[in-house]
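Note that the chains are named A, B, C, D and E in the order they appear, and that numbering of residues resets to 1 at the start of each chain.
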Amino acid sequence: MADTAQAIEVKGLFKRFGPLEVLKGVSLTANQGDVIALIGGSGSGKSTFLRCINLLELPTAGQVTIHGETIAMKKDGNGGLMPSNRRQVQRIRTKLGMVFQSFNLWQHMTVMQNVIEVPVHVLGQPRDQAIEVAEALLRRVGLYEKRDAYPAFMSGGQQQRAAIARALAIQPLVMLFDEPTSALDPELVGEVLTVIGDLAREKRTMILVTHEMKFARQVANHVVFLHGGLIEEQGSPEAIFEDPQSERLKKFISSVH
Amino acid sequence: MADTAQAIEVKGLFKRFGPLEVLKGVSLTANQGDVIALIGGSGSGKSTFLRCINLLELPTAGQVTIHGETIAMKKDGNGGLMPSNRRQVQRIRTKLGMVFQSFNLWQHMTVMQNVIEVPVHVLGQPRDQAIEVAEALLRRVGLYEKRDAYPAFMSGGQQQRAAIARALAIQPLVMLFDEPTSALDPELVGEVLTVIGDLAREKRTMILVTHEMKFARQVANHVVFLHGGLIEEQGSPEAIFEDPQSERLKKFISSVH
Amino acid sequence: AQELKIGVAAEPYPPFSSPDASGKWVGWEIEFIDALCGEAKVKCVVTPVAWDGIIPALTTKKIDAIIGSMSITPEREKTIAFSDKYYNTPAAVIGPKGQKFDATPEGLKGKILGVQVSTVSADYAKKYFAPVVSEIKEYQTQDEANQDLAAGRIDATQADLITLQAFLDSDQGKACCETKGNVKDDPEILGAGIGIGLRQEDKALKDKFNAAIKAVRANGTYAAISKKYFDFDIYGK
Amino acid sequence: MSEVQAPVTYVPPKARSLFEPHRLVLMAVAAGLVFCMAWFMRWDWLPRYQERLIYGVGQTLLMLFSTAIVGFLFAVPLGLAQVTGPRPLAWAARGFCTLIRGTPLLLQLWLLYYGLGSLFAQYPEIRSSFLWPYLRQAWPYGFAALMLSFAAYEGEVMRGAFAGVPKGELEAARAYGMGRFTLFRRIWLPRAVQRALPTLTGETVLQLKSTPLVATVTVVDVYAIISRVRQETYLTYEPLLLLALIYLCLTGMLVYAFKLLENRIPNRGA
Amino acid sequence: MDATLTLLSFSPPGWGGVLLAGLLASLQVAFGGYLLGLLIGTGGAAGKLWGGPILRDLLEVYTTVVRGVPELVLILILYYAGTDAVNQVMHLLGLPSVDISGLAAGIFVIGVVQGAYATEVLRGAILAVPPGQIEAARAYGMSPLMSLRRITLPAMLPYALPGLSNLWLIATKDTALLAVVGFAELTLVTRQAAGTTKAYLTFFLAAGALYLAVTLVSNVVISMLEKRARRGMVRSGGAA
């Protein structure tokens, strides 16, 4: 995989759920080390966009390129797309760490088992090594003491941090965060912020969906405002928050401040 | 019921869950028309305090007075309290509208049925009249189109607004809100704010628990900071947010800003 | 008048008792019951009961008498009372055509023998054949044993000659099996014949039935019924 | 049948002290009852049948475990086929489950033993094959009937369990690049089994309670032994009470064993 | 083929009429037993959830014993002991012993067995109602009885229905076990017909078809009921 500067390149992404066209041609480029914040109203398609990047949702049209490798797609029968090479998709997915809006931790495994599952069983790392890495990660997100707890017995904030650790364990080139702070109280938000800041310093590329504008502002170097299935406006945090151009964005920002 | 200025008076409220003492003597007075915001870290006992007011949780010790009527309590066998007059509790509860942190809408009823349930079956209002009131309320929270939908098919924000409408339908003297905006996006938060503002103008008393400091600041005329089972500090929003006294509150506020 | 519930086995036991296609019970024993009750001037209802539970049904008063080809045995007499015998036929062994053996311990050596549970044939087989046969299989009904014989799952079955004869006369029986002879008599097990099962405390009923059995034998009704089903005297010696 | 099988999990009563006053009274009453039974009923036959009873219990357990284990192996594909299989396969699996669950086990057993069994006998090729020594015995039919029944009921349970695994957890696995087989082996199956365990406990107890039916086709299990006792001693209640006690103990042991298994994976309200 | 049709025709010499009568008897017992079971189950669930300690323990013994002992054995015990006990009581009261029909005994036996399962199904369903729903009812001043009637019972229905419909299907099939006490239900008459005519396969298949028909018809009714009860609940979609 070429170490191009472009970590993610999405071109003309369309996504339709039955009659509802959620994405109407979204294009976005993230360079390596970029932290892109995706903001927008509820139901504007932020989660859908993230999910299209790693093909959890199959786009109706469009093209996704990760670190120079374009995901090969072919037409399915129903006017949509499907991946033409399953192995390629699996391989690319191991380079993308995703933190879900609803965590999606595996309930039958402890936190530690959750974190080492993919390194051991998909990437084939030796168990000892995976555990070592996992312990370091869990320390970093402040969950080391909880490593043998099952997700169902942890608070929302703890689950969210476990999900972050799980995503980091595969040492992804790109991290996709779907509202990583929604379940956290203000103090914990600060902690997650620190973790994400560290990741940014490691030159890891990140796209994060968030409702918390303050958070977006602090952590992102580029902000994208989704509206009506399109990118309504994008730019540096300063530009977006201090000097919004479009009416919609102005309204959105003002309702927040 | 005397129309005293004091809408709620809580004196020396203690609450213990087994070994865990969550509330250690909380006293609070709300005059009619007051909007009190309850803030504090996760697990500090905010929800528990609200639930003790309408006796969903039986306090270990303490006294609750609603509009001059003190809820009669007697000792139960295990060192706690229990209401000595069930009917009184039921009667007082119909004067307290509660909006739960997790909504608790009745899943087997449509939004409309949820809203008219208590007016018709507890307060004995004629059905037609209840429906009329309900329709007005649903319009006000922007759910009129969803009146025949079942809660499970609505987004979190919609459920939250339905829960608010349900609470308003009983025309309560006092409203208790447990994080009424947790599931809402910034724009909807603004709407709920308007509703609460209207209620305040109608001289309805409100206690609301919230994690959103901005919201607390805009809507409340009195802010209470719970910490370690006690009221650590209270005062006007300006005092609390601009000039916090205690170390804990300072830390809490700074982590938010 | 008093109504007596006469228990018969719910499982078909032709030609003595079996239901017909309209659900009515027919057979030698059913006609015998009619004759007997007519003689004793009591009203009787035929009540099918699972053979397996027919004695508990009697003792718990679900029925008042058993007329179901039940052999009189000392073991049973500990629990219930019996009238005088009303028929007695020898026990026989049948087996598949083409295999040569006879109804002796030597002949049955190494074979699988089927019997119906809690019958005198079962007791007899356990006493005389158990040491030599490879297995004695017990069935809920004789009919099932016959089926398994036809299906080749057992090598022989021992039972009352009359029921076996009825099976051998059927199409299925004709095709597969033949008699291997009667077993050697053992009066202690086989001798006492078939009686009406009664509760031990119902002495009056027992006397009534004994008198009625004598009467139907004396007035020719017994012979008339038997003639319809058999070409020999089933009352025995 | 129903879209969602609400897991009717068995919630044991609060583990309170065994020695509360009212319990002591109840236990005294129970002890009195047991004493009356021991004293006024006839138990002299017990020693004579002891050995055969133990053998019978062994046969019952053998029947239970063999059919439950093999049946479960069939149940997994049956459940999976109904959830994700291609249409024809899903229909076939669904049809099989409906067929078996819609007819009494007793009838299936007789159909296999007296129906199919006597059909086999009509073919000389089968009668002379190496299988015949097995086919002429009763237990293969008992085994087959019980096993198929367990497979069908469990197939239904597994269908619900597979379908009930939260979609998000499967998505997470896919998002991290798991292949289909790894995903099934590491996430979907263990998670489904975990969800199904409480129901499985109940179903296995039901299976235990179905085993006596095989006695009607001459398989000798503990029920058959007790039937023999009843027929030989003409006692109505005593053998049945003993039988009930035996089954109660077996059920208790089964439930306990499953509890141990369940406790290995804590599962809050899943 | 012709012979088979003759065997199954409705008037003698066909056995179709007998089979149908057996089916009717089965359905009668199943229906009666199911209703009795529901009654016992409702009382049992209420007793287990809100009853005193003695009642709860007794109910626990009842459900444990019934669910731990094979139906076949229970039917034998209840059939003999149950009717025996009734007559003992009548005797003590100086009344003539009553004649308990096979139908009544069958309904009683099936009802007692079903009652234990229904108790657990209903109790589980009531516990499955999210506590918040009941709390909300209390918070708005509903009395316990009203919140039971307006909230708990309708809300538990979707959780109880699958279990209750299973129980109905079990009831229809458990009647087959009454064959062991000689009650002329479908399975026993099938066995009699088969034994008399030797047409085993024909009759077992015919009976199987009848049972299956009962199940399929029941399923249609059940799914209609469920659809109604589950209004307002999200369908748990199949994962793929």
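Heads up, the rule we're going with is that a residue touches a chain if its C-beta (ideal position, glycine included) is under 8 Å from a C-beta of that chain, and two chains touch if they have at least 3 such contacts.
All values reported here derive from a predicted model rather than from experimental measurement.
The chains in contact with chain A as well as with chain B do not exist; no chain meets both.
Distance from chain D peaks, on a Cα-centroid basis, for B.
For chain A, the chain whose average C-alpha position is most distant is C.
Contact analysis places D-E first among chain pairs (by count of C-beta pairs in contact).
Averaging Cα coordinates per chain places chain B and chain D 51 Å apart.
Put simply, the C-alpha centre of chain C and that of chain D have 37 angstrom between them. If you average the Cα atoms of chain D and of chain E, the two centres end up 19 Å apart.
We define each chain's centre as the mean of its Cα atoms; on that basis chain A and chain C are separated by 83 Å.
Shown for chain E are the residues that touch two or more other chains, namely 76, 80, 158, 179, 191, 200.
Looking at chain D, residues 114, 118, 166, 236 sit in touch with two or more other chains. The full set of touching chain pairs reads A-B, A-D, B-E, C-D, C-E, D-E.
Against chain D, the residues of chain C that register as touching in their complex are 52, 55-56, 59-60, 75-76, 78-80, 117-118, 137-140, 144, 147-148, 150-153.
By the touch rule above, chain A contacts chain B in their complex via residues 41-43, 155, 157, 185-187, 189-190, 211, 213, 251-252, 255-256.
Considering their complex, residues 48, 53-54, 56-58, 60, 64-65, 67-74, 76-77, 80-81, 120-121, 123-125, 127-128, 158-163, 165, 169, 173, 176-177, 179, 187, 190-191, 194, 200-201, 204-205, 207-208, 211-212, 214-216, 219, 222-223, 226, 230, 235-240 of chain E touch chain D. By the touch rule above, chain E contacts chain B in their complex via residues 130, 132-133, 135-143, 146, 150-151, 154-155, 157-158, 231-234.
Residue ranges on chain B touching chain E, taken from their complex, read 54, 56, 86, 90-94, 96-98, 100, 102-110, 117-118, 121-122, 150-153, 170.
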